[in-house]
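Okay, so chain A shows up in both of these, paired with chain B first and chain C after.
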Partner chain A sequence: MGKKKINLSILYTVPASLLLIMFLIIPLIFALYCSFYQYKYMMQGSFVGLANYIECFVTPRISQSFLITFIVTFASTAISIFLGLVLALWIDRRSGLFAYFIEMIGLIPWVISMVVAGLLWRWMFNAELGLFNVIIRAMGFAGVDVIQNKTAAQVALIFVLSWRTIGYAMVMILAGLKGIDDTLIEASHIDGANSLQTLFLIKLPMIKSSVLLSTIVLTVSNFTNNTVPKVLTGGGPVNATNVVTLEQYNLSFVYYEFGKSSALSVLIMICTVIIIACYIKVAKYKI
Partner chain B sequence: MNNHKVRKYTIRAVEYLIAAIFAVINLIPVFWGVITSLKNPREISRIPPQIFGFEPTLMHYQTVLSGQFFRSIMNSVLFSLFAIMLGLILGYLAGYGFARRKFRFKSLLFFLVVVGIPLSGGSSVLLIPNYLYMLKLHMTNQFYTLPLIYAAYNLPMAIWIFIAGIKAVPFELEEAARIDGVSQHYIVTRLVPPLVKPSIASAALFIFIGSWNDYITASVMVSGNLKVIQQSIYDFMGFFGLEWGPLTASTTIAVIPILIVFTIAGRQLVSGLTAGAVKG
Partner chain C sequence: MKRLLVGFLLLLALFPVIASGSQEGDGKTEIVMWTFLDPENPSNGRNVALKQMITEFEADNPGVDIIVEPKNYATMTAEFLTAHATGSAPDIIWCARDELSGVLDAGALEPLENLFLGEWSEEEIKDIDDAFFRFGERDGKHYTLCLNKNALVMYYRADLLEAAGCDVPETWDEILDAAIKMTKTENGITTYGLGQSFPSGYSDPQLLTNWLIDKQGALFDEDGRAMWANQVGVDGVNWITHCIDIGVTPEGCLNLGTEDIISEFSAGRYGMFIAGAVRIGSIKDTCSFDPKDVKVMSLPGGCVIDGWFAGIWSGSKNKEMAGRFLEKMYSPEADLLWVEVGAQAPVRASTLEHITITEDNDYLPVMLDAFANGFITPNDMAYAGWKINLNEAVQRVVGNGMDPLEALQQTADEFNRANGR
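For the complex of A and B:
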């Protein structure tokens, strides 16, 4: 009587939330703050307002890198999702060991590190000794120095990014397919729908959200990936694969322009937030 | 009838062919890396390259392991273990809170978790911000720098997995225990954990893969004696001047633990990955 019970349940989530706030939220706010200042090496200079941002927009190398990033992100995500969808629809019809085997094989490129994957593909694409060129030459074509050729390097980057994530897309979409009520498929067969109609009128609409969710996750992942381009092509040749996260990295650790790189981080962040906002809208997460 | 059978076997054959092509494309870089790492320099530069029928040698492994590389392996192991322990404890507690309790700011804190999943997946968004911030706090290049960051980056996913796992445990079980006079402390620390073992395994797996495979965060945060394995591999690219023997030996060493863990607990990985996505 009289003694009010205090709800202490929040305490369960406090330690985790503190860690997240410390490493996910505060750094972003701090970067926003830094982006309004001039930096000479590590020394904070005077307040410069939006000058860092304006410089980001007027530097051709940076706007070029945004363009490259958009193309690479769009192409690699589209390829992953399309092939992931096709593979998922295929192995959904099978079950048991075969399906399990395909799933596991599909995830291997995703579980090995990006440094290892980038490096091994770089070795595969090596001009003289790489397996890729050996096979190309054996088939009677001229070899390509993938890493030194502008277009080839861009295609290789898109290829490796897709290669990494096809299995992820497949597994996510497969989970959506497994979630469809079997009676729905049976009913459509009884109603006389052929398998193409079942696919387009039942299966695809039912897995719409898992396709969308994996598209969004992969878009963020490819957009912000800088390890693969760094290891595979190093941004070259002549900035052909200089994606925006690589540019941001170089601004900081090659040119030591931390004000500008903070501004660029904030710009990348804004793009990411827009994509994540779509994610939250699609996911309709509730607790 | 016969036609039907032919058709069935053709489809089977095509399916196995597609599966084989898929397997080759997915595995060939790793396979070729392992083969290269076992060749002596003369064999490596031989055209056309031999797949089998060369004298295997461990010389590149000796070269690689005689230097700093072994230390960076140990660093990676330790950092990953610390990150896993921290991530599991914090992730489990938060997951329990979110799954079982009502409190103020719950949806706000949950929002933090949801945003964190895609955000930390591509941690290079946070790379420069976190670097500047950690530098300000004088927390770069410390033994605790990377474990804390790895735990934080992989925490949203771990919490997400635990929420799904704990929600699947019938609440009646907890209520029954409470009626029997069991303390809340006992429920959280003794009763529930054994019931969510699969979630523990899959959260641990996610944190391990995230920590072991990280390069970019480590590359700006630590150096010298605190280097991690992926960082050492990247540095080899400059050090050995793209000498592919030592390079492929180091990548093989880096891949082995991942493949072992993945082979044992691949199912857990898939179930963790799809924990929240199943509801179409």
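For the complex of A and C:
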């Protein structure tokens, strides 16, 4: 009779699973629980059912903030992915120190603190003393008070979110491009494919996974980003950049409505799950 | 080998539990305090004063460590409430005025009579008995002591005011007149007579608050409902929009925060602006002009008064020792230290006897007048978000062209709904 084999593989997952349960699953369940109660000043009140969710839906400034969030998220993610792809394709054709240098430069905005980045750009956009307006005026144009103008502030927020994530998209997509077997490219050339055909018929389908993963990561990152909007525009002027995470912040830390902010958190989570599901469906990605 | 591996994995899984600290490890008692001050950062006089108090207290009480965990002032109270709910709050907490009502409702603070206040003589109580002391009272017990009295005053540049040929303004018309005369453009850079800020985020109360207090005496009615959607409020909003229309306040004020406006004043961009009087030390330290020209004045109708209220967490295992440190921070010697090193206003009447008003601390009479006659929200119920609500009324009028009364009504409704009125 042989010894009964012990499957140790489950034990290997224990530390990571415990961390996930402690820091992800339990808070998630607790937030869901809180969302069904009145929770003013962290004091559990009466059970209110779906009232917190209904209030989120019927409050105009929350629905408006969702709209702003969707616009800002999709615009900044689209710009990041497009420019990241262009840069990745460009760098893929280069090698050596130059390519390494560009990759490092591109990643700096992603790795620096979001607070620092937000403050940096806030000062750059300052109406009279900021570098942006100094340059604009030196070119003979009238200065723009970027952070104080509703449309300009929205554009500025999209710009800064894109600036922050282009490097990440570039590196992820570049990793996908480096993984393509050279023989496939050579074969396409032998078959008479030009550069565009190689790009659209060979390279892009082969890097679909890395583009999709980058898109998912950046969409979720931009959708749930609280720091950059808070530091850069503070949601203003006149709520023009009041993204949903700022609304959630105010519900929690200004009005102490933890029940409502929990309901809003759950709604934000549902939105991100739906967005991810849509991406996977559209890209026909197999999990 | 397998047993060893399993043991190692279990040890790894239990690491967070094993590694977690104890409040009384190594035979030492640790008193944890959350505040926005950082005693390890000597760039601020208040930090230096706190550091000295901690050093003295630890020397007088061997075996006791005061651990200060600096926190963001905007979220510190919310963090405390969360920590209270989960049983992991610090021993000493500094609460913002607007949030104190909620903290008391949550039963998160220990009555100070149970710790040290019950032993104080009537004379000692009389020395601290003012609006701030009474603000921390509920049902006959005191839960907090105000360690950081503040008044929202008007800062001004004495040199610009003198150059404009104006006296220190006292009425709304005089403020507007001085602002007009101080506004000038040189080398493409404009100095605005009156800096104002109306952000959606954290902000100090702005002139609309003072207008309402001056003209109708209060911001809220007896039931705690907003009382600004009326003709007085409309006149106040119109006064502000007039300042923007004639260019004495920049249009960009809609999205400036308190820190922005302080930085810009220090850079020489404004003649006057509103901020907490306790900031005067750091403003003088960083301004690009002669610091002696930084002065403060009261506002028509009196100033809004504010403060940070320190209390002992009701769940603390070291209440007595924490109470002793709070008492130390409130002692006559500490009060003098807060004033002389930290550029704060005294919390004890007796401290005033030791202070001579000079050019360096001529802000003190303005602060003391504000404490005696200023406006403070009651602590009987929550008044969360009213500063943002008033700012947003101005935003909607200036930014969206909304009718002032409609904007004020909308924000009053938002305030009432958010505070359960």
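Methods note: the second predicted complex is superposed on the first by the 265 of 287 C-alpha atoms of A that agree within 3 Å, B and C clash if a C-alpha of one lies under 4 Å from a C-alpha of the other, contacts with A are read in each partner's own complex, and residues count from 1 in each chain.
Please note the rule applied: contacts are C-beta pairs under 8 Å (C-beta built on N, C-alpha and C of every residue); 3 or more make two chains touch, one makes a residue touch a chain.
Because the structure is a prediction, the values reported are computed rather than measured.
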Chain B and chain C placed together on chain A: clash or fit? clash
*For A:111, select first, second, both or neither according to whether it touches chain B, chain C, the two together, or no partner.*
first
Legend entry - Touching partner for A:128 - first (chain B), second (chain C), both, neither: both
The chain contacting more residues of chain A, comparing chain B with chain C, is B
Touching A:242 in the superposition: chain B (first), chain C (second), both, neither? second
* To do: Using the touch definition from the top, say if A:252 reaches chain B (first), chain C (second), both or neither.
  => both
Taking the superposition on A as described, I'd like to know which of chain B and chain C A:233 touches: first, second, both or neither. second
**Prompt:** Touching A:12 in the superposition: chain B (first), chain C (second), both, neither?
**Reply:** both
Touching A:45, do we find chain B (first), chain C (second), both, or neither? neither
Residues on chain A touched by both chain B and chain C 11-12, 15, 22, 42, 128-129, 230, 252-253
Listed in rising order, chain A residues that touch chain C in their complex are 6, 8, 11-12, 14-15, 18, 22, 40-43, 127-129, 137, 145, 147-148, 150, 153, 230, 233-239, 242, 246, 250, 252-257
The answer for chain B against chain A in the complex is residues 15, 18-19, 22-23, 25-30, 32-33, 36, 44-45, 47-49, 90-91, 93-94, 96-98, 101-107, 109-136, 148-149, 151-153, 155-156, 159, 163, 209, 212-216, 220, 230, 233-234, 237, 244, 247-248, 251, 254-255, 258-259, 262-263, 266, 269-270, 273-274, 276-280
Per the touch rule, the chain A residues reaching chain B in their complex are 7, 9-13, 15-17, 19-28, 30-31, 34, 42, 87, 90, 94, 98, 101-109, 111-117, 119-121, 123-124, 126, 128-129, 131, 134, 138, 163, 167-168, 171-172, 175-176, 178-180, 206-210, 213-214, 216-217, 220-221, 223-227, 230-231, 245, 248-249, 252-253, 258, 261-262, 264-265, 268-269, 272, 275-276, 279-280, 283, 285, 287
Note: in the complex, chain C contacts chain A through residues 2, 5-6, 9-10, 12-13, 15-16, 74-75, 78, 81-82, 84-85, 99, 102-103, 105-106, 188-190, 199-201, 250-257, 267, 269, 382, 384-385, 388, 392, 395-396, 398-400, 418-420
